[in-house]
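Note that subunit A is present in both complexes that follow, paired respectively with subunit B and with subunit C.
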Partner chain A sequence: MGITRRDLLTATAGTAVLGSTVIPRIGLGATKTLKIGFLAPLTGEVSAWGLPGLYGCEVLVKNINAAGGVQIGEDTYTLEIASFDDEYLPDKALQGFKKIVSEEGAKFVMMLGGDPWPGVQRFANQSKMLATTLLPSDLSPDTPYLLAPCEVHPIYNVTGVEYLARNFPDAKRAVICAQNDSLGIPSVATYEAAFEAAGIEVVDVNIFDPATTDFAPLVTSLMAKKPDIFCYDTAYADFVNLIAQQLHIQGYKGLQISCTCDNYPQIVEKTSKEFMEGFIFQFPDFDDPKLNEPFINFPEPNKFFADYNAAHPGTWTAVSWEYPSIVLQWIAGAKLAGSVEPMQVLEAMKSKPSWPHIFGEADWWGQDLWGINNALVGKWPVVVIRDGKATIAEFGDIPAWWAKNKDVLIKRMRERNQMWDQRA
Partner chain B sequence: MKAAKLAIPSLVALAVFMVALPFGLKLHQQDFMISLLVWVLVVSSYRLMALTGEYSLVHVVLMGAGAYGSALLAKLAGFSVWLAMPCGALVAAGIAALLSFPLFRMSGFYFLIGSFAAGEAIRLSWTYFTVPFGGPKGIKLIPSPELTLPGLGPIPFFEPIPYYYLTLIIVGISLFILYRLENSRIGLIMNAIHWRAPLAESVGVDTWRYRALAFVIASFFAGLAGALFCHYYGTANPAQFDVAAMVYVLIWVIVGGVSRFAGPIVGVVVLSVLNELFREAEQWRPLIYGCILIAAMFYLPDGLVGLPGRIRAWLDGRRGVAAAETGEAAEEPADLASPRRR
Partner chain C sequence: MEIILQTCVNALVASAFFALMAVGLVLIFGVMGIINFAHGELYMVGAYLVWYFYASLRWPFLVAVLAAFLIVTVIGLLMERTLFRPMRDNPLGGLINSIGLLFILQVLAVQVGGVGLMKNVPPAYRGSLELLPGVAIGNQRLVALVIAAALLVCIWYFLTRTKVGWALRAVAQDRDAAALQGINIDRISMLAMGLGAGMAGMAGALIAPLTRVEPYMGHGVIITAFIVTIVGGIGSLSGAVLAAVLYAFFHTFVTTYWNGTIATMLGLLIMLVVLIVKPTGIMGTRVSE
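What follows is the complex of A and B.
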């Protein structure tokens, strides 16, 4: 029997996030400060997947501390975020990891992952430090202390395609565009598998260099294939924005699907509500009423969204809630372990076959794709823009899709050299 | 004369400081110093190229060629890291030698654009060919050097302090070679090509050959820097060697000043340290950094390395005013524009 949602909420939210509704649990010992490491790009083109996460963690931690902190074992802790801008570079990431762990004394480190992770891997293993990534493609048998407890990028993208195929059965031709990097390519393999499983033909894949700034030729070329579905893959926020504008200018009328659609109100403003109607992606706004469902393991998401936007208006992106949800999971693990020590927390979290993921119970998974069961996989929201506003259409079931289509995904991943045993 | 007398004691003091430095630093600062030394070698080698008057945009990519070459030789071909590193540098030099045929048919702005295109072609090939370059994710788990000394046992080069000393020694030797080269007859010819290419040609200097030579040697040291980098951080990927990194190198070189050997070194040290000092400012850091750059461009056209001379000139000017008032003659200010000042 895995730890339940109720356990998690008692353990984490109960300590805090609600603030006004929960009485702080003052511990038996003196209040201590507990540092949580945050190592992600805070500047540069990937900062949209770092900085809003830091903002989200600061909002969460402020609320937790205002409610009296968090009790772990005999001690009560106030939380503090120790952040470092890794600039999405491995050398800066190693510097930051060492600073956060050795000098700041953080007990676990949240990372975006991707290019910076290989710079950190050896030190993380040596120091036996618990770390988390949003990109499970960082996982391998060589990363025993690295977890992907929130986002299983890009596997959840299959839920969007499944929804699309079910609701638009006449759409049979898809095109995909993706930047050529560690985010784009595994996502291409996943979309190819999802489209294949749904009986949709991928008529063109355009992989562009991340330095691209003019997307007119790319869009013209892909529209020439007369697609029913335009797939943005896991494009950076700026790319989605520019490509959408080009599609609008060039008169595209078909369906659109993407992993993310950060700052979508801007895109709606620059195109039109009609153009963006039905746009499918995977990251909800947290004012969505469906996030108040009982299986959601994030206390008062609507209040969190309001607090966040009050503190940092216009900066909400996919990662604004992901890093905070990892903080909550870590607190639950520390409570279960009765300790803040990294290996004890890791052991506690992995001691159960399933763990309360933000979108419900999820399984430790990943052996087939990454050679290690360190990613949490369960439900994931499918978000659709309706009348200019992102709304959750449904919660897709990743394990159910995997059970039916495992071979297709592995085949596509292998074709794109994305299996862990194919990496250089 | 006074400066020449001070040179050796200053160098000895600097050497002592550099040897003692890691013990006064925190763990993450030791890593920063390793990176800094690597970039010192990159900008210094870039200056050799700039000595002939050509600015290229392929230098960081050739640093990457050294990193990839060394990493692949060590990881896939089973070379010892000690052998793989110079071989990686030779790979970079070899690529530069090949590129010199098309590139040196151009000069000035056309050379700049041509070098950018060549660099992008190389970098995109690393992204495109997953085998053997690892595609966008690059190569990871690159081994660090191994050395066992009698009585001391194996030296852990994956730790920052041993690797810092290794880097310090290699960079120190490389800088010495570059300095000697610049002050040799070859260096003088390169300078002559920069300032009076037609005149140099008229007296029988093969300008193509010397430009190519500067390019190949500079690329060798850039490749060596790349090899040093990848064997410590354990990874090499195309994004590390992109045009943004090249722009940083240009900024360091230009802000430091190209007129003297120490200029680019001063540039990379000062700007990198400032960048770290402003780390607490998080997302405001690029703005602060940018303001410093603009200020340096406006007020220090000779680069940071010209700052002491400017201060001296200003003080001399002040003394001159005072002397004029008292009837004494002021010392003549230094000539800051000379390209041969070191």
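What follows is the complex of A and C.
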């Protein structure tokens, strides 16, 4: 019992974002309401990677329900998002997880992951609730019901560095800045490994307090190292914005690479097109024509982008499409299982070594890094800003990089205490 | 050498903002004896007003800054009349009121502007001025520095060269004696609160294009303001300005040459040492019971 890309698209597209072009599916049984848990920071500094995901899910669910809901097994379901703001805090996350599961009756819970996950892990295991994270560094042998089916942060960052090294062979000195948290540090280890594998020297790493408000001293410090490449690591969206402004003011002329560059038009506006030209990051706009390639497992991404921006203008970030893509994957898993019960869906999704990831077929992977094969790893886009607009330059191959540089990444992860067996 | 000079430029800008915040806090404490925990949120309101007037309504930046200053000043006047005056003999009550207001202003900011990415406030003055090869200051920062410095000079002139300023300082030194001299304590308290709040609002307004404008932006700033106020000497305006400059240079240099987290830790450590060794701060004076 497996699922192909075609299966996933037919399973989800008819109920997904096609709106009026779709013939509503009439189920055999009565229409029921199915709640999907959404537990992420909706306020505070990390909310840029929570709230836009909720908006994206709402857009997706609205279109699914408008198209008649989703048929799973004998029943037809309309979807409802049960959300809770975990404020990126473990205790709040536990409170929210319990509410979503016990009171709301959700059948799976999407999370950003990171700092809140340890607060939730015990209850998630006890309740055998299927949960997902965008940060596979949450995975360990102790998280059998946690999947990372979309984002393999920060491993995909290697594709950006690989692209940079291939296209700018003369760039040999890099500096990295990162906020000191569970998003920043594993990303530092990954960038260090990627730069090492590419023969680029990391001349300074500045790990800053997430409470930092003035980035002028940090930029002065890093520019003093005369870098060819400035790496923003996985800095929060607002930090990238402010650091880029400072780099521009202090006259930086080199290459720039980052995990994300959310709301980049603002940065272009505040600096210049010339300054941002060639900026490399990892998250595409969904109006990119390359997302219409046949291997992309997301129905009508361009329309989704338009719907999203019409509903929530100016809020699109890296996560706006990620949580919705997880919803689509879960629907495909539930259809395959013929059930909405968490363990049956999990079993269906893990029944094959590979599964259709949004950017193409991907393998269940992670044993070497996280002690469990619960992350989907395949291709990931490398995005470059050209003339003020983000465009997909290529789809990098993470497994291919891993095959060549596995030891370097594990070494760097271990140096930064980021291997699963080093985490408490 | 370039790094040292660039760091000095960075520190100079930080000094002006720290001083604006700290002087406002000191004015309020000195005259009213209340530690205004909502001072950081007044700074936030100033920034939000510039976002609204300048970035949303497209008013000229300086007009938006002036409007923010005036509106936050009025908020300060209302705070004095409704929250602090009834608690004049109960400093703890005033402090608790200010904490309550802190949360109210944060929630209002969330209601008005939502949460998520920071509010987008584009710089009104683009580009940068190259002072020396490799040493630059952004034009927006330069304008903010000049305005902040000018406001501080105006405050100094007002406090030291005008009768009302003398009255304000007299109340700060000894409220009862000042009252015996015929100084209207209510009016002076309102003036201090309005002026202190306005300065916080002005700091937020000026820095809006340079920082994260979001509902919780007052948190970090109020900690810095407390450090500066305590090191300078609670109640001492000149001490607050001196400590702001010293702390800004210290923090900026440690951040540049070492690490920002270490800089903040050392800043707090210095505050603790001052509290232990010289509780009156650099320029504070001991008050006998």
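Just so it is clear, the second predicted complex is superposed on the first by the 421 of 424 C-alpha atoms of A that agree within 3 Å, B and C clash if a C-alpha of one lies under 4 Å from a C-alpha of the other, contacts with A are read in each partner's own complex, and residues count from 1 in each chain.
As a convention for this text, contacts are C-beta pairs under 8 Å (C-beta built on N, C-alpha and C of every residue); 3 or more make two chains touch, one makes a residue touch a chain.
Bear in mind that the values here come from a model prediction, so they are computed numbers and not experimental data.
Visitor: Could you check whether subunit B and subunit C clash or fit when both are placed on subunit A?
Guide: These partners clash in the superposed model.
Visitor: According to the stated criteria, A:Arg122 is in contact with first (subunit B), second (subunit C), both, or neither; which is it?
Guide: After superposing on A, A:Arg122 lies in contact with subunit B but is clear of subunit C.
Visitor: Looking at the overlay, does A:Ala310 come into contact with subunit B only (first), subunit C only (second), both, or neither?
Guide: Neither partner.
Visitor: Looking at A:Phe208 after the superposition, I want to know if it touches subunit B, subunit C, both of them or none. Which is it: first, second, both, neither?
Guide: In the superposed model, A:Phe208 contacts subunit C only, not subunit B.
Visitor: Quick one: classify A:Leu94 as touching subunit B (first), subunit C (second), both or neither.
Guide: First partner only, subunit B.
Visitor: Quick one: is A:Asn241 in contact with subunit B, with subunit C, with both, or with neither? Answer first, second, both or neither.
Guide: After superposing on A, A:Asn241 lies in contact with subunit C but is clear of subunit B.
Visitor: Is A:Gln266 contacted by the first partner subunit B, the second partner subunit C, both or neither?
Guide: second
Visitor: Identify the partner contact of A:Asn180: answer first if only subunit B is touched, second if only subunit C is, both if each is, neither if none is.
Guide: After superposing on A, A:Asn180 lies in contact with both subunit B and subunit C.
Visitor: Just to be sure I read the superposition right, which of the two partners does A:Pro52 touch: subunit B = first, subunit C = second, or both, or neither?
Guide: A:Pro52: touches subunit C, not subunit B.
Visitor: Using the touch definition from the top, say if A:Arg423 reaches subunit B (first), subunit C (second), both or neither.
Guide: first
Visitor: Based on the superposition described at the top, state which of 57-65, 291-299, 309-317 or 327-335 belonging to subunit B clashes with subunit C.
Guide: 291-299
Visitor: Which parts of subunit A are in contact with subunit B and also with subunit C?
Guide: 42-43, 47, 51, 180, 209, 211
Visitor: Considering only the defined contacts, which subunit A positions touch subunit B in the complex?
Guide: 42-43, 47, 51, 83-85, 88-91, 94-96, 98-99, 102-103, 115, 118-119, 121-122, 137, 142, 180-182, 184-185, 209-211, 417, 422-424
Visitor: Write out the stretch or stretches of subunit B touching subunit A in their complex.
Guide: Touching subunit A from subunit B are residues 26-28, 31-32, 35, 75, 120, 124, 127-128, 130-141, 158, 229, 233-235, 237, 239-240, 242-243, 279, 282-283, 285-286.
Visitor: Can you list the residues on subunit A that touch subunit C in the complex?
Guide: Interface residues on subunit A, with respect to subunit C: 42-45, 47-48, 51-52, 180, 206-209, 211-214, 216-218, 220-221, 224, 237-238, 241-242, 245, 249-251, 262-263, 266, 269-270, 314-315, 317.
Visitor: Please give the residue numbers of subunit C that touch subunit A in the complex, ascending.
Guide: 2-3, 6-7, 10, 13-14, 110, 115-118, 120, 122-123, 128, 130, 134, 136-138, 141, 210-212, 214-217, 219-221, 252-253, 255-257, 259-261, 264
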